[in-house]
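In what comes next, subunit A is part of two complexes: it sits with subunit B in the first one and with subunit C in the second one.
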Partner chain A sequence: MSTLQIWVAQALVIFLTTESVGELLDPCGYINPESPVIERGSNFTAVCVLKEKCVDYYHANASYIVWKTNHLNVPKEQYTTINRTASSVTLTNVASLSIQLTCNIFAYGQIEQNVYGITVLSGFPPEKPKNLNCIVNEGKRMMCQWDPGRETYLETNFTLKSEWATEKFEDCKAKPDTPNSCLVSYAPVYFVNIEVWVEVENALGTATSDHLNFDPVEKVKPNPPHNLSVSNSEELSSILKLTWINPNIKTIMTLKYNIEYRTKDASTWSQIPPEDIASTRFSFTVQDLKPFTEYVFRIRCMRSNGKGFWSDWSEEASGITYEDRPSKAPSFWYKINPSHTHGYRTVQLIWKTLLPFEANGKILDYEVTLTRWKSHLQNYTTNDTKLTVNLTDDRYIATLTARNLVGKSDASALTIPACDFQATHPVMDLKAFPKDNMLWVEWTAPSKSVKKYILEWCVLSDSSPCIPDWQQEDGTVHRTYLRAPSKGPIVRTKKVGKNEAVLEWDQLPVDAQNGFIRNYTIFYRTVIGNETAVNVDSSHTEYTLSSLTSDTLYMVRMTAYTDEGGKDGPEFTFTTPKFAQGEIEAIVVPVCLAFLLTTLLGVLFCFNKRDLIKKHIWPNVPDPSKSHIAQWSPHTPPRHNFNSKDQMYSDGNFTDVSVVEIEANDKKPFPEDLKSLDLFKKEKISTEGHSSGIGGSSCMSSSRPSISSSDDNESTQNTSSTVQYSTVVHSGYRHQVPSVQVFSRSESTQPLLDSEERPEDLQLVDNVDNNDEILPRQQYFKQNCSQPETSPDISHFERSKQVSSSNEEDFVRLKQQQISDLISQSCGSGQIKMFQEVSTADAFAPGTEGQVERFEAVGMEAATDEGMPKSYLPQTVRQGGYVPQ
Partner chain B sequence: MSQIRNQLLQLNGSADALFILYYTAQGEPFPNNLDKLCAPNVTDFPPFHANGTEKARLVELYRVAAYLGTALGNVTRDQKLLNPQALSLHSKLNSTADTLRGLLSNVLCRLCGKYHVARVDVTYGPDTSGKDVFQKKKLGCQLLGKYKQVVGVAAQAF
Partner chain C sequence: MLNSTNSHRKDPQADSSVSLLPHLEAKIRQTHSLARLLTKYAEQLLQEYVQHQGDPFGQPGFSPPRLPVAGLSAPGPSHAGLPVPERLRLDAAALAALAALLELVRRRQAELNPRAPRLLRRLEDAGRQARALGAALDTVLAALGAAARGPRPEPPAPAAAGAFPAKLLGLRVCGLLRDWVSRTEGDLGQLVPGGPG
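== the complex of A and B ==
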């Protein structure tokens, strides 16, 4: 019901508002046309027609009209006053996209007032969409694209229309952000011609593209073949067989393929002749490949007749051709140890490993055969590239073959001449010269035919010995260069730390060294930093980069140098971590432990000091201003005598005097306790300044809490830890002036009302809670009285509840007043004694009457024996001198 | 005609898979009682004679395609209710229905363009909406069996 009311109210408000606004906004005229859209660069004429009532009201006519565009006056020359109420303006060559055109009038000939305004939009009519084309991605819907033409600057809608000969399809409206394409909503149907075209329209016109009629099957872009796999053949080391799974579109069309391949390290692709794969198939064997070489393949497909689109490339797949026997004999040479003993000489046969394309597989071992004239063959097999043998002085023929899984290479033959052999056709005119950063060696060939040349060289250096290196050349050449490494070492990270990285690399293969590797140089840099170079001895295979920056990308490459030059290896990148290993743990764990420990200690501390904390945070401190000395009196007159409100406490279930008791450690007070005591002392001192003076707390002194402390009285230190409150009644009950000023003190050393100065004036009032069953064990209240024989009266203050009720206050004040009369007579200065284990539970029991005529140092019985509530009076009270009413 | 031929080949190429997909999706007893439950015994199914003239074959093909189109529409509707999880079957039924629609368009154009036949009377299958679940499944299975059979014949005929 309430909802209906709200709805009705809202409708009413809206209705009334609309009505009133309609009235308020009733213009004085209007501009025609209302919402013009014009072609950019054209002229535009608008007419402002004033309403008769405004003409009359404003004493104006059309000649008073002022036209403005974007708040600027239009030159008068462009105005035309048509008649008394109509004026026209012509804007020429409108170039702005949007113009605010307003018609204004000078009311009363002076006050310009806006009559009406319109927004003139300008743009271009749509151009005919061109280059319409469609594509059908296999398994998806057809998408058509076109060239939308120039920007129109107006809201322009492009709609792709499509139909069969027998039916039309749903229009496809291009999204505003992609006005040049549209994805149709229906699934493609193959082998049915569809006609598509684009219609475009905006406020300035429409245009239609050429119609495109095609069979969707001719616009298919198939999915790429998948699961491409490569397998080799043990029979033929030069082939790899590719297999794949064709896309599903193969069921409705034949496919042709592109297959490309490259070696793993190459960047350019080779292509299988397309005519070999021009029809649907699911495998192909690639031939003429190098043995033991890893090739990478990829494949794509399209409709075999070429109508349509190529698919994307498939995932790449790689395979390694099978091994073939080494295609070349290793380079082979020897060195003869100059020492010659007992007809034998030590010969070291040395050879170089084959390059990968020569080895055609993994070289398992080398086989060396030594043949002496008319002697048996000596066969050696080794994995190394050198072999040391003891030979006689005779001539030997050594052969060397490299063996892999498939077979052996051709043999390299080497004649080791006899000891007394003299070369008859030495190489002449040996020259070495640098050229193109290489060291070239040239010689004149001997007249006789040469099988091969061996070049030996070493570096002449004062600091390093001549370590000969060698290379083999064919017998047909007579010039060569000493080769620098053919490739650089491939560096990688072994371990990356926050500020360091251990790099490692493999030794270059011998045949890639092209000499002796003298040293490596490691170049490393950050993306933005300078490159740093570090030289590393050639015997090392790892190096630690230090002083790196954490969380930084480093690029590192290595160059191997021979005497002839160096060659860079591929660049390697690594990123140093943000934190070192274990650093996070090293930070987090101690912090957590410290936090835990702190929390634990804090909890323990709080637990141990809970009383102290409680005292500081929410101590049971009664408001001293509401405390009265009468509350301590053991003899309180019946409350109902004074105030009817007291009736409610007639059962005695309340506390008349609030007492805070602090049980201090008997052995040794805590420092905090002492501190708190200090605080109280300070408070006392400050209060004293407001009191009536030392030497006798006047009746005008305000009530102060008293705390036993060692500073106040040494004697109390050992006996008392109870803080008691005393009140000095300084005014009578309910504006009654007390007949005698009464002072009360809890103890001589208590900072209570400066009672030390005038202990004789103190009066003691017990605080009693009738129902309090838990009595303090060490509660006492000592007061010095002048009569030493007087037994101490026990004033046992139990921790009590705050008395906040005014009734209770009234009651307490009354008691205080009554008691004060007695105290003033009986209590003088004297020693305060302590009473232990006493109870005042019944001190203010209702109906307590009678007089206490004698106060002795008694306990609980002292009061009860007299038929009085349990209460204890100060020692200073004389017998019969302190008689509650 | 090549488009019609290709369409028939396309339909024929997928008919068997559709049939298997259908009876598999229905569950037992269909897969093990194909002879009894999925025999191509469809009443009122338009005849198709492979040895007729091209015009006659086109007319009969049109009737067959029209019949199959509507009947497959019913089967698709029923299967979406009976086997809502069989999305692959739904997709294949929709695809087949689309192709049949294209076939109808091509055949009509051919009849209209070459033989000036602008209208062909067609018949439609029974409405299955009132049938019980088993009957719906059975009729669908029989229809797809018949479809597989007739499409094979038509593909050979063109």
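== the complex of A and C ==
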């Protein structure tokens, strides 16, 4: 219900609006006719009629009317005032396609106002369509075409009408963009006459074409024969058999054909006589063809009575006739080597290859027969075009035949005269001259009959030697010319790589060869580079240029050479790519893999050495307030449990423990070793200068030496020569007195904190096998001077190691000196003497406790000087421990 | 001069009678070709019709009875002894009846198989072609001097029946079309120069 109300409301609004607009737009007059269409060039008269109310309102009448065409005033002469309200205008010879004609009025005698306007269209009436014709493409609907006549400039409709005698068909209306044809909507029915015609109409009239009555079968354009194939015959080298499949229309009509053929290189077609193929068939044998020649064929068909249209040409098909025996004997000649030895002479027999149309196939070989005294035969077979033989001075008859798959050519006979033969009746007046771009040779024939002539010549050039060539002519001629190819081969690239390019070209057509193509020469160059020439055998149609530069523009051309000269083909350019195929992938993939592998290994390494990395980059700084004293007892087994090499090499064992072995040696050190010791001393000085704080290296702690002696008898010999840098740590903390008096041992004043993390680091190397002495010493240097500036120490040590290997005793002395020097550098002048005494005594009198105690006191003083807490004060120890001062 | 005029009057007639023969021969050949073509079309139509009727049509053992169709009889052996023009007259009458029956079948098939446009189009074409062949026969008969006998009565429209009888009727009509067109081809073949006749 509400919907209905809305509709009613909308309708009311539209009605009222229309009414009001109609009133608003109510013109003061109108023009008659309203929408005129006139013939172009004719006259046209229009009348403008004013309404009475406007005449009164504007105080105007028909004499105030002004006519305009396309905004331009029409001359007054063309006006006619019919009465008070009507005025007419006549336009003569209207040529414009469209005219805007307006009727205007001067309101109140001066204000021009538009009253009404119309559009006058002009054009032509339709002409009678001509040349109506229809075509029935096989399998498709019928299409009719006609000549629509002149342009009408108006909307014109073309309708194709068609009917049988019994009924009418649906009209076919031509599309505006193709007013000259129409495709009917129904399938044609053959053998029933149909009548078609075209009706055309526009605003100016209608026209009808002549009626066309025909049987659609007479308007058929068949589909072309398909699957055309060509086969040759081994029995006859001059025929090729064509077979094809006819179009389906053959079931309702007989067909006739056109068959055309040409050789592969030719451009013009030859035609099979039409009368030979005037009825439906599916094969045909073409005769009188050249042997061993490739022919191209095509075929088309139409209704045999000629009513209808030819089909399109079929796809081309080609075939090669079978071989035939060579049709001509090869040209044959000889050269005699001037040298003559032992009654024999060397004769080179030479001959020319046959042209393709003479060879009639692929020449397999040549057979040469030499005859002397008509009885002595020598036979030779060769693939080459020359043969060198040693002959006696006698006269020989040489014959030559060329053989292909089918048979042999006729024989060329050549007489090789005896050595003493004197030629008579030579050719006279030999002369050569250019004419018509050819080099002609002319001579006067001798008086006696001639079998054949041989012309010999060479190219005279400053740059190349005279290479004689020859040409055979028939005995009846006395003039000939030397021919060169008329055009060069067209080279192109088959494949272009980074450093190579495969060129290919087609064989020159026989007509363009003008002789035998002996070879091709490929010239190629870069834009700035020199031209390079490559000779290629004439049998090739492809060549690979190698050693090219990548990403470079190359220009290449080819020249085909006959014996008479060469001819250039067009130049061809190509650019080598920057990268070979797959090269980018070959570079990128391994790099990515290597990067991935490196990253993976780095991650694995970091993961494995995370503790070490952490120590160097983010050292774990212990909070002193949370430290406690590790307990240590002289009887603690780890101190002596150091036989395992793993423990010896463990970093933890040496991080906080410094060990110097001093071996007894009576001999004096070598001067070189002393030098190394000097260097070592300097290094120690610099190392001390860089150490500081609780996080400092153990090099610092080594400056607080102490000597420990072991009560282990088995290890007395070793431990007696060992100086252990250690620090005695008070077991109390923050003035707290431990319940049990325990003494801890450490190498420095600070590492106690570190040792809390790794108590095993407190283990000392006391029992080191003599055979392994080098390693602990090396370990010592590495551990105590592992900072970058310690690298010189390694070389020093290596020198020491050499000494050690050569002379153990000397090395002990050297070590003594080394240690004493080290201590003198580390501990200042006040302590040098004492340390030297201790070390020497320790080396030669192990177990001297008093000396040890003295040295221990020195260490204590040094610790006190650096302001160490009281807990680090040396404490009294029992046997095997530290002796208080 | 008069003789000459008379002879001049007479000659065109003689010429026209002479020229009529090739025209008649061409018409007979054309009609014969049409009959041969329509025989092929009729066979195709019958096959397509069967395909669209569902079971049991098209099954190997299905052999419906050859029911009589009102207004159209099957070409029978009794016509064998008739002269060719008379046989052609019977052919033309049958083709005219078939054209109407094919239109009837097309309308029923449009109801039964609305989604078989090709069949419907073939039925429509077949009716049109039957009319065309009948008209061509009339032309030939007229040329032979044996005009067709007056207006042919329209075959009575069969009463509305069920789907199956409608399908059976269509099958019968298609079969009759094939038979009659084939017989027409044979009858015309006797008139074609070089033919069996």
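Basically, the second predicted complex is superposed on the first by the 462 of 885 C-alpha atoms of A that agree within 3 Å, B and C clash if a C-alpha of one lies under 4 Å from a C-alpha of the other, contacts with A are read in each partner's own complex, and residues count from 1 in each chain.
Operating definition for what follows: a contact is a pair of C-beta atoms (placed from the backbone, for glycine too) under 8 Å apart; a residue touches a chain by one contact, two chains touch by 3 or more.
Owing to the predicted nature of the structure, the values given are computational and were not obtained by experimental measurement.
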Next on the checklist: Based on the shared subunit A superposition, would you classify subunit B and subunit C as clashing or fitting together?
Outcome noted: clash
Checklist entry - When the two structures are overlaid on chain A, which partner does A:467 contact: first (subunit B), second (subunit C), both, or neither? => result neither
Next on the checklist: With both complexes superposed on chain A, which partner does A:586 reach: first (subunit B), second (subunit C), both or neither?
Outcome noted: neither
Checklist entry - So, A:166: does it touch subunit B (first), subunit C (second), both, or neither? => result both
Checklist entry - Does subunit B (first) or subunit C (second) touch A:252, or do both, or does neither? => result both
Checklist entry - Between subunit B (first) and subunit C (second), which does A:192 come into contact with in this model arrangement: first, second, both, or neither? => result both
Next on the checklist: Taking the superposition on A as described, I'd like to know which of subunit B and subunit C A:215 touches: first, second, both or neither.
Outcome noted: both
Item to check | Contact residues common to both interfaces of subunit A (with subunit B and with subunit C) | outcome: 164-167, 187, 189-193, 215, 217, 251-252
Checklist entry - In the complex formed with subunit A, which residues of subunit C make contact? => result 30-31, 33-34, 36-37, 40, 125, 128-129, 131-136, 139
Next on the checklist: For a test of understanding, state which residues of subunit A touch subunit B in their complex under the given definition.
Outcome noted: 164-167, 187, 189-193, 215, 217, 251-252
Item to check | Residue numbers on subunit A that touch subunit C, as the complex places them | outcome: 164-167, 187, 189-193, 215, 217, 251-252
Checklist outcome for this item: Listed in rising order, the residues of subunit B that touch subunit A in the complex are 3-4, 6-7, 9-10, 13-14, 94-95, 98-99, 101-106, 108-109
